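So that you can tell them apart, the chains are marked A, B, C and D in the order they are listed, and the count of residues begins at 1 in each.
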Amino acid sequence: MSKFQGLFKLFSRHQMTTGRLVLIGGFAFVLLSAALAINRSPEDLDRSRSALDFLEGMGLGLAVPIIALVLASSTLGDLVEDETLVYLWHRPSPRWMIALSAWLSSTAVTVPATVIPLGLSALLASGGSVRVAVAVAAASTLAAVAYCGLFTLAGVMVRKPLVWGLLYVFIWETLLTALFGGLGRLSIRSYAAALSNRLAGVGPLQGLHSVPASIIACLLIGLGCVGLTTWRLNKMDIA
Amino acid sequence: MSDAQIFDQGYRTYSGERTGLKGALRSLIVHSLRASLGLGRKARHKIVPVLTVAISYLPAIIILGIAVLFGGGAADDANYYSYYDNSISIAVILMVAFIVPQLLCTDRRTGLLGVYLASPLNRPTYLLGKAITSIILLLLVTLGPPLLILLGYSLQGVGPHGFGQWIETFIKIVASSLVLGLFLTAVGLAISATTDRWATATATIIGALIASTIVTEVLVTEAKLPPAIRLANLIGLPITLIHRIHNDVGEWSYTDNPTWSLWLGVVGWLCLTLGFVWARYRTLLVRR
Amino acid sequence: MVPTTIPTPAAAAPAASSVQVGPATAQPASSALPPPPSQVQWPPANATIVANMVTRSFGELVAVSGVSFAVQPGVSALLGPNGAGKSTMLRMLSGQIAPTSGEIWVAGGNPRTDQAARGRIGLVPQQDGVFDREMSLAVVKLAAVLSDLDEPEARARWALNLVEMDPDLNRPVGTFSKGMRQRVKIAQALVHDPLVFMMDEPLNGLDPRQRKQMVELFQHLGSIGKTVLISSHVLDEVERFGSHVIVMAKGRLAAQGDFHAIRRLMDNQPLRVRIEATQIQIVGAELIRSGAVLGCTITSHNQANVTTSDIVRFRRVVAKICQQHNSRLSELAPLDDDLESVFRYLTGASQ
Amino acid sequence: MSLVSARNISKNYGQFSALSDVSFDIEPGVTGLLGANGAGKTTMLGMIIGLHAPTSGSLQVLGQNPWTAGASVRERLGYAPEHHTLPPDMPAVDFVRHVAELHGLPRDEAAARSSDALWLVDLGEERFRPMGTMSTGQRQRVKLAQAIAHDPNLILLDEPTDGLDPVQRDLMLDLIKHVSTGIGINVILSSHLLDEVEKICDSVVIVGNGVTLATGKLDDLRDTGTTGVVMELEANQDQIDWVLNYFRHHGLTASAIARRITVEGADESVFDLARDACVAADIGIIRLGPRSLTLEDVFLEQLG
């Protein structure tokens, strides 16, 4: 068993707690029941457009960041709070390996926990359009990758990552982007939304990021955060 | 005769009478009440209590002010329960969500539970004390305002006519406050028994109250499921029952839910939640 | 008494660990650490832990200021009252926190940045938390894996057996008692057979039999050339580890070396000894006349406390005087020659 | 009448048996409760307080069964748990007053006694400070204060010196000694540090693998019956050998570990022999005293 596998296994075992399962189940239930409501609504409106609008708001804007926050911020955050990070940090293994395995283990749980409910909701809400479903699934994977990187970093940067994460999601991603259109382009949500719209080929596309730009941006955010986490692990005082 | 004395500064034994379990319970309740209302604690602990009292009493005081200044105001008991719909229920939700969790969670986190269990209290009497404290807190915001108004109107002479009518209104108000207070106490204590962190309990309570309302509404109206589902609405159930007590069919109608089923729902939830709290505390390993 | 039952870790260790560092070859990179001018040869050649003018402050609070010492193979104790900067110092030596100024050199490098040096350190931190949801074998095996050991599982089992923990106990560490968790922490510090051990209150929570076992284990590690630095408040046990102590007080070094020798340096505190002998008045008077004793107070029927500044002479004279006066000497007990008195005098706590 | 009397106590959690047959009597004074980890010591403490009932056997605390007469027994008991967590933002004086009230004292009596207890543990000036701002040493003393404030007959202290540095440790031991001899409150002390137990306890109860291994006065347990002398000499190896032969020449059995010589002697005269041996060999005596077991010897011998 290599060092990386050891770390990855440790982090993965710590991802799943009953509280988080309930949270993921809760979001899935809310998304699916809302999608069901849209599906059964009588007026004939552009199904795909309404599905995308709904999932950009509730899915990419709320479900994915919250689930990613709860999982990723605790991967290293809990170790800092329980003062057990020293047992990994003080070993003769490279620090980037700790950061990378933390990021990947939280992503590996967040992706299925968001892609499945969001994809199914898209399918339902858009009245069975597989293309919209795939587009939303891809967008939520990308968003999960970026958010997990960001919140893994938050776990080692601040004392209460959950609170700061929620502030980030509700203040930066929703409020500010709504108020100042320009800033909106910098949020992970806008990249993910751009990808879902472009892949689904629905709705006004001008002014949205291009597909490659969105993918590269999110991957850059993810890997960039791993780099910052490594730098922080080297610099911080360990209990 | 020497006028100098050296007094024994040593330890004074206490041979007076001890107040037993009754005294311990009273002390627990008084201490918990003071702590919940932020008395004897830093200012920031007083914000929520003051807020809840303000939200619940202000409308009543305003209405009384108007009635006194301009006379008139409704004579029959039509509007005593209306406060339960808005101002009181907001205050009650705030109280249940932010203050009730601190009754149980902080004792476990700060090790005070271990001290209580080593005192004449034991697990059942401890929980009884905390439940009584919670009911007192909730009655503070649910019983106060309507009684204030009843008193105000009576003094104004526009209250319910006749002694029998007055007593009936009084009993209805007390019953409604007790229903709301007891029901939410049980729900609040049950959720607070699951975690040490009161902040998590607060979030869960708010989530549970709101989610149960939305989900039951969606399921009953949208998915056309049987109306009995409404019994799972943690806010709607008690409030509707209060309206039934005041035999009004106002905005919270639920006409297709018979009154007995509402009572059954409330009693069922009480047994479920209080049973859960007891089961949880019976086996709780007090390591702290 | 070296416990023959405990297999010597060095023997069982595979040749895997990259650096076969015996005590003689651990040459500190002398160029990196210019010795302070005053001392002749500092740090000593075989030192494995060196702190040179180390300071650490948190905001304006100076927790450790200008501390320099070197630790050689064998068992040493880091002592100091609460708040003396002891745990801050230990965390700097292990590299967990960075000093504001000064250098730290442990097992061949700076533990904070040199990965290989960290591989040669076994750390038992002060805090109680271990990975609560893992089994004890998994915790120690992970430590072995992260230290590049060949067969991590075998090493983990060996380490757990050494601390009397059943490797196949399938209960998560979170349900363990304080004593069991402590032994898992010691096992994960032993598993990679490090050159240097740093332990903060390692015996915390252990029962008397387990404490005796661990004391013997640490003595054994010290005797085979390992460097064992232990921070502890239970001086009765520290005295059994060995006599080399480093005492800190108010963020600075108070004393260092063999504590009996330190005690003798304290000429402002004459040694107090209790004697029990028949005809105590005569014996006491003779002791004073002999000049070996500064003062003598009769405390009870045939008991007296004497103070002496020349302990060596006193030890020889007391038997002679008792014999001359046919007095039966039934007890002679030094009252403040133990580590606790040394600690008390050094840290300025009044008697 | 003994404070606590246990007869054939057993306690099983499912099929795991924490205690199988424990019997002892706790007499007034300071009693040390010792045992290996997992020997059921904490279970025993909990049963004395009446937190849980024994599976079988009888337990009397202050003349009552703690499980049935819980409240009235606990009213006269003080308990200082092992952990250091105390309500952080509550001032110490309020905390101690609250605990005194819980134990049946009227409000103003509790307030007065709370200050008294905190002055007694040298926390007079700091008694209004919130406990979160207190050091471990101060917190341990608050725990002792809350245990004695309501004038209990018996207090149970679980590892009272945990986390204290050597000087604080001695102060705490003196405090506990003063509480028992000075004030007359009986103490049950649960600890792993045998040198501390030896310093302040009058008698001990040693529990091991579910049964009582030893109980009784400390002096009786340590008395080996046969006199003898233990000496530590300032001498080199051949001088040590010479002294050993000197004793053997006089028909006494003597053994040595490094500079520590143990001689088993029938009567007091062995002291004179020891004195004369040192004078003859012209060597210094570092330490000399009657041969007796330490509590650790007793403990390890029982537990094997």
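The rule we apply is simple: contacts are C-beta pairs under 8 Å (C-beta built on N, C-alpha and C of every residue); 3 or more make two chains touch, one makes a residue touch a chain.
The shown structure was predicted, so the numbers you read here are calculated from the model rather than taken from an experiment.
Asks: Contact counts by the stated rule: is the higher one at A-B or B-D?
Replies: Pair with the higher count of C-beta contacts: B-D.
Asks: Average the CA atoms of each chain to get its centre, and name the chain whose centre is farthest from that of chain C.
Replies: Using the mean of the C-alpha atoms as each chain's centre, the farthest one from chain C is B.
Asks: Determine the centre-to-centre distance between chain A and chain B, using the mean Cα coordinates as centres, and give it in whole Å.
Replies: Roughly 39 Å separates the two chain centres.
Asks: How many angstrom lie between the CA centroids of chain B and chain C, rounded to a whole number?
Replies: Between these chains, centre-to-centre, one finds 57 Å.
Asks: Could you give the separation in Å between the centres of chain B and chain D, each centre being the mean of its C-alpha atoms?
Replies: The separation of the two C-alpha centroids amounts to 47 Å.
Asks: Using the average of all C-alpha atoms in each chain as its centre, how far is it in Å between chain C and chain D?
Replies: From the centre of chain C to the centre of chain D is 25 Å.
Asks: Could you check chain A for residues that touch two or more other chains and list them?
Replies: Where chain A is concerned, no single residue meets two or more other chains.
Asks: For this assembly, give the contact graph shape among line, ring, star, complete and other.
Replies: ring
Asks: Which chains touch which?
Replies: The list of touching pairs comes to A-B, A-C, B-D, C-D.
Asks: Please output the residues of chain C touching chain A within their complex, sorted ascending.
Replies: 91, 94-98, 113, 115-116, 118-119, 121, 123, 125, 127, 129-134, 139, 142-143, 145-148, 152, 188
Asks: Chain B touches which residues of chain D in the complex?
Replies: Listed in rising order, the residues of chain D that touch chain B are 49-51, 70-72, 74-75, 77, 79, 81, 83, 85-89, 94, 98-99, 101-106, 109, 113, 116, 120, 146, 148, 150-151, 182-183.
Asks: Give the list of chain D residues in touch with chain C in this complex.
Replies: Interface residues on the chain D side: 34-39, 135-137, 162-170, 192-195, 234, 257, 268, 271-272, 274-276, 278-279, 282-290, 296, 299-300, 303.
Asks: Show me the residue ranges of chain B that touch chain D in the complex, using the header's touch definition.
Replies: The contact residues of chain B facing chain D are 10-14, 16, 18-21, 23-24, 27-28, 31, 40-42, 106, 109-112, 114-122, 286-288.
Asks: Which residues, counting only chain C, touch chain D once they are in their complex?
Replies: The contact residues of chain C facing chain D are 1, 79-83, 177, 179-180, 204-212, 233-236, 312, 314-316, 318-320, 322-323, 328-334, 340, 343-344, 347, 349.
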